[in-house]
Each structure stands twice: as C-alpha cells, then as structure tokens.
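Both of the next two complexes hold chain A, though its partner changes from chain B to chain C.
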Partner chain A sequence: MARIIVVTSGKGGVGKTTTSAAVAMGLAKKGHKTAVIDFDVGLRNLDLLIGCERRVVYDFVNVINGEASLNQALIRDKRCNQLYILPASQTRDKDALTKEGVGKIIGELSKEFKYIICDSPAGIEKGANLAMYYADDAFVVTNPEVSSVRDSDRMLGILASKSRRAEHNMEPIREYLLLSRYSPDRVKLGEMLSVEDVQEILSLHLLGVIPESKSVLNASNSGVPVILDEKSNAGQAYADLVARYLGEDRPLRFVDLEKKGILGKLFRSRA
Partner chain B sequence: MSADTQPANYHHPALEFKSSSLTVPVLVLFSNDLTLISTQLDEKLKQAPEFFKNSPILVDLKFLTAKQLNLEFVAFIKAARDKALIPIGIRGGSPEQTRQAHELGLAVFSTHNTETNISAVKQEKLPAKPDQAEDADTFPATQLISHPIRSGQRIYAKGDLIVLAQVSAGAEIMAEGNIHVYGTLRGRALAGIQGNNDSRIFCKNLQAELVSIAGIYKISEDLDESVRNKPVQIFLEDQALIINGI
Partner chain C sequence: MSLLDYFRSTKQSSASVAKERLQILVAHERAVRNQPSYLPALQKELLKVIQKYVQVDDDAISINFEQDDQQETLELNIILPEEQAKNH
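On to the complex of A and B.
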C-alpha cells in the first residue's frame, strides 16, 4: 500500500515545489518507487524543477478526463528510474479537478508505487484541498516568519478537519513541520523566528530545517532537484530530512551560526 | 398555571412566552455630532467586525438628555443600521426621542440597571409557568478537547469547554459555560455566550486576540501588560471584565 504524502503550506512561495522535487528524488534514490504529482493546475512548476518540461505530452487533467492513460502521462526521470512525475495541465484551471478523478488516479498509482507525493498549490481552495484530501502524511512547509506561520497553522486546521481521514474518523494525517529558508544570522539578529519560536506557535513535530541557500535557485534554473547538489547546504539538509522521514536519527544541521575562522571572515562566500 | 386560566384549546399550543435574560451591548452617546459619531463608530467596529455585524444594541441617551444636547435621532438610527448594527431600543431619551423611537419600532427601556420595574410589569401580562423548569435542568456535559485548536477553527460548547492544548491565533472557542485552556490562548475565547454572567475563562498563558464573558469583551490591545503571557482567570464583576493572575 502506498504512502501518500502531501507537501503543503497555505502560504505561497515558501518552498513546496522545491521540497516535493527534492524529497521525491531522495526517496527514489533510496530505491523506493516514487511518483510526484503536480496539483497546481494552470501554474505548473514541478516539471521545470525536475527538468522534464520538454517531455510533457499528457497531464493530470488528461488522465482524469480519460483522454490518456496514467502510463501515457507519467514521465520517468532520466537520472533515477524509480522516480516518475505526473505533471499538471497548463491550459486548464483547478475546476478541471474532481475528488473522484483524483481518488481514482491515486488508487491506481498506489498499486505500483511506494510513495506518492502530492505537490499542493498555495491557498486553501480546491487545488490545495484535493492535494491533501487523500494524504496519509503531510509536510507543512513553513518559512520562519509570521505570515507563513499563521497560514501553516490554518492549513493544519484544514488537514485535521477536511481530509478523507478526518471525514471518515480514521487515524489522523501525520503532520510534519518543515522549516525552510532558515537563516541563523537573521535569527540571531532577531529578524527571523527561531526553530523554537515556530515550534512553540505551531506545536508540531519538526522533520527538518532547510537553510536559505543560493543553490536552490541554481537547481531550479537547471532543472535538477537540489538534493542532487551534494555540496549545497540545502541539498544536504533535504537528504537529512528524507533519512529522518524513513526512520533514521539525524541531528539538525545548519541551524546554528557558523563559526567563521579568519579565512571565513575574509571570504564571505557560503555554499 | 392554574387550570381555570388555561384556554380551552391548550392541547395544541401555537406559541409560548418564556422569560429570559439577555446581554446586549449598550452604545452610550456623549456627543450629538453625527459625523464624529459615525467616524468613531467605524473605528470601534473595525476592531472586531464579526462581533458587531448584525449585533443588537441598546442606545443610551442619558448623557445627551442631561446636557440638553439635541441629537438628530432618526438620522442616527439610520446610520447605525447602515453599519450593520441592529438598534433594538433606547433608554434615557427625551420625550420626543421616546416618541420617535416608538415610531421607528424601537423599544424604550428603563434607565434602572437592574430593570426590575420593566420586567415586573411584563411578568403580569405573560402567562408565567413556574412549573416549567429552566432548560439547564439537564446539565450539559463538559466538552474536552486535547489537540491544538488551529487558526480558522471554531468550537462551540453547550456547557463548559476544556482545551488541553494551545488555541492558535485566528481560532475561536465559545462556550455557554466556562472555558479552561491548559495551554497558550492566542485566539478568541467567548464564555457565557448565552448570557451567563458567572462564566469564567481560565488559561495558562494569556495572549488572546479577544476575550468575552456574556458579551462583555476586551481585545488584545486593551489587555494590560501585567496580565499578558501569564496564567489568568477572567470574570465579570459589576459588568466589568476583571483579569487576575492565578
């Protein structure tokens, strides 16, 4: 039985798609057959971040409408053969999605795949609701600033009440906090909320902290999930995160200020 | 009610009068400048729009009458209604304002706070039913919630409400009885929502957006520094909200 993970946040631009691409690649590289679905109908980005935008023939909405089979729409990643992407439609909008259609596709994918990652759009409307409806686990991506924290809190409320598990009184969705774009310098200056602050406000299990990193932009420009950039802090943080999700115990890195030696102070660069 | 006063067709009653006590916000006017009133009223309403939307209000004209300040009464009532307030009556008005109130379909209330005069008079006319016990005979069970209450969620408890976790900003918890939050209260808490003045709110850490008991409320801005981020109990004393550390 597949494990369905929704990557959601409420707030836009916090790192959901970056996370979906990185985590999907991370799980696939560990040998688990993983499918990642882009639920942002009309504003698709997942295919860009994974680097398969030139191979999109059929999309999610085509499959829901029966215009193509799931196999025709799924795109296999060239770097890792356990990773498959189901891109969103760019020409339609979220009204093309239906609960039954989504359920059917997830059901079909569950037969073959170990993990199904649903990359949610921002907001709390239909796209976001359908992305989280069938989830078993939720990665709530939050930036360490007040509006993102409030929106994540709102999304947690929706996960607890409007998901299929909530409606059928099943065991609730397992919620994980993912703090992204974290900058220890700014936390020290008091400009940014700390890990403890965010946990206090949200009271949620912390799965990982992803530091602010220039490599994220480079990764999306080149269509390579950032987890494959092993030199970058963000890439390593995602690797830690995937390991923690799979049960490994890894300490949090990149949350404390780096101790810069003389050379570090002379050359201000950081990965 | 004795048998001889019962009407013959009592077996199928179409209606019934019940005595009840309600709490209604009173809008006390200190000025007869309609523009000024309108501006300041808008400011107050903006602070808690959902609370005031379609809220019944009682207009207190005592001050204006004492100072003999003439108010354009009809225009004022229209302005209040335009702001989605529902004036249900006035008190302390001049004889002319009393007449205008009746014409506008507003009740005129006594200026005595306890209002025993009015209710005593009305009691004679209503078919009082002493054997009809209060609905609170069957005491409603306490609602217990042990997970955090998230932003956007609303909880309504018929009796007491106990929350064993935090209440996030943007969440609303309401109870007809008392409210206990054994965690941080960041959202809105409204106790005694059907008019129970004896309800109290208890919380481990006060950071609430709004607290209210039987309709008497305070917003975050009006909470004193000395009670913030501390365990407190909130209750009514002489229609004033008291917040004490515990």
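On to the complex of A and C.
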C-alpha cells in the first residue's frame, strides 16, 4: 500500500509546489517509487518546476474522464527513474475533479507506488479539498509570517474534519509542519517569527525548516527540483527533511546565524 | 516625542507583536471551529423569539460555547434596552 502525502498550506506562494517537487524527487532518489500529482487544475505549475513541461501529453482530468490511461498520462522523470509526474489539466476548471474520480486514480496508483504526493492548490476550494481528502500524511507548508500561520491553522481544522480519515473515524492524518522561507538573521533582529514561535502557535510536529535561499528561484528557473542542488542550503534542508520523514535522525540546520570570524570568512570565500 | 524618548523606548520587536496577535486570533478561531454547528442557527432563532417581545438590536444577543474535559457550557447573553426593560 502506498502512503499518500498532501502538501498543503491554505495560503498561496508559500512553497507548496517547490516542496512537492523537492520531496517527491527526494523520496524517489532514496529508491522509493513515487508519483506526484498536480491538483491545481487550470493553473498547473508542477511540470515547470520539475522540468517536464514539454513532455505533457495527457493530464489528470483526461485520466479521470477515461480519455487516456494512467500509464499514458504519467511522465517518468529523466533524472530519476523512480519518479513519475501526473500533471494537472490546464484547460479545464476545478469542477472537472470529482471525489470518485480522484479516489479511483489514487487507488490505482497505490498498487504500484510507495509514495503518492498530492500537490494542493492554494485556497480551501474543491481542488484543495480533494488533494487532502485521501491523505495519510499532511505536510503543512508555512512561512514565518502572520497570514501564512493563520491560514495553516485553518487548514489544520479542515484536515481534521473533512478528510476521508476524519469521515470514517479512522486514525487522523499525521500532520507535519514545514517552515519555509526562513531567515535566521531577521529572526535574530526580532523582525520574523522564530521556529519556536510558529511551533508554539500551531503545535505541530516540525519536519523541517527551509531557509530563504536564492537557490530556490534558480532551481525553478531551470526546472530542477531544488533538492538536486546539493550545494545549496535549501537543497540540503529538503534532503534532511525527507530523511527525517523516512525515520532518520537529522539535526535541524540553517536555523541559527552562522558565526563567522574573519578567518571563517576567508576560509569560506576560498571554499 | 523627544530625542531622549527615542533612545529610551524599548520598542517591542515586530516578531513578538506578530506572535501575540496570532496567539489571540488562533485561539479564538479554534474555539469557534469546535463549536457545535447549530449555534449560528440557534442564535438567529432565539433572536427572532426575543424580538417578538422586546425591541432589541440584532447584535444584542451573544452565545458563548465553552468546552473542557468535564462539561460543555452554553452561555447566553441578551442585552435589553434600558427604557423598555422598565416599561415591562
């Protein structure tokens, strides 16, 4: 049986798709057969961040409507053969998704895949509701910023009441906090909520902290999931997070200001 | 504000302001979320009944639902207008 993970947030622009691409690639690179589904019907972007936008022929809605088979629509990643992408439809609207249709596809994928990542659209409408409905685990992507924290809390309420697990009185969805766009220097100055602040407000299990990093934009510019940029702090933070999700013990990195003396600076500039 | 005040003022950091605001807001929203779903309808109907007898504003009634491990409390507050209350 597959484990179904929803990447969600409520608020837009916090890094859901970046996270979906990175986590899916990370799990696949660890040898787990992983499918990642774009639920943002009408505004697909996961294909762009993964770099397979020119290989999209059929999409999620085509498969739901029986216009294409799942195997025809799934795109196998060229860098990692354990990773498959199911793109969203760009021409339909969100009503093209149905609970039954999504359930059927997730059921089919579950037979073959170890992990299924559902990249949720922003908001709390149909697409977002269906992305989280079948989930076993939820990665709640949050920025250390008031509107994002509030929306995440709202999302937690929906996860707890409107999912399949909630409706069938099953064990609840496991919720994980993923704090992204974190700037230790601004936290130090008292200008940004700290990891501890956000954790205290949301009381969620912290899976990882992704620092604000230029490498994220560079990665999406070139269609390479940032986790493949192994030199970047964001790439390493995502790798840590995936390892933690798989049960490895990895200390948090990139949450404190680096203490650099003159020697350290010299050494670093040479490195 | 004098220059001295400017240096003396221990301004709260914006992050701690954000945290306080969020703590209050989130606590409130969670409380509302856990309320029984019939509360808004109950409030509306009660208001209608009361307005049959007393001239009160639409916001003169407030319903508060609290829950702890032991019990659930439904608190109903109606503010009657002063003069009318005397007449009755």
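The criterion applied here is as follows: the second predicted complex is superposed on the first by the 262 of 271 C-alpha atoms of A that agree within 3 Å, B and C clash if a C-alpha of one lies under 4 Å from a C-alpha of the other, contacts with A are read in each partner's own complex, and residues count from 1 in each chain.
By definition in this document, a residue touches a chain if its C-beta (ideal position, glycine included) is under 8 Å from a C-beta of that chain, and two chains touch if they have at least 3 such contacts.
Bear in mind the structure is a predicted one, so any value in this text is a computation, not a measurement.
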Query raised in the report: Putting chain B and chain C onto chain A via the overlay, clash or fit?
Result: clash
Requested in this report: Please work out whether A:Arg150 is in contact with chain B alone, chain C alone, both, or neither, and reply first, second, both or neither.
Outcome: both
Requested in this report: For A:Gly190, select first, second, both or neither according to whether it touches chain B, chain C, the two together, or no partner.
Outcome: second
Query raised in the report: After superposition on the shared chain, which partner residues are touched by A:Asn218: those of chain B (first), chain C (second), both, or neither?
Result: neither
Query raised in the report: Residues of chain A touched: more by chain B or chain C?
Result: C
Requested in this report: Quick one: classify A:Thr91 as touching chain B (first), chain C (second), both or neither.
Outcome: neither
Query raised in the report: Between 5-13, 95-103, 131-139 or 185-193, which chain B stretch has C-alpha clashes with chain C?
Result: 185-193
Query raised in the report: Which residues would you name on chain A as touching chain B in one complex and chain C in the other?
Result: 150, 153-154, 157, 200-202
Query raised in the report: Which residues, counting only chain B, touch chain A once they are in their complex?
Result: 147-153, 165-166, 168-171, 184, 186
Query raised in the report: If you look only at chain A, which of its residues touch chain B in the complex?
Result: 150, 153-154, 156-158, 160-161, 200-203
Query - Sites on chain C touched by chain A in the complex - result: 13-16, 18-19, 21-23, 25-26, 29-30, 33
Query raised in the report: So in the complex, which bits of chain A are touching chain C?
Result: 145-146, 149-150, 153-154, 157, 187, 189-194, 197, 200-202
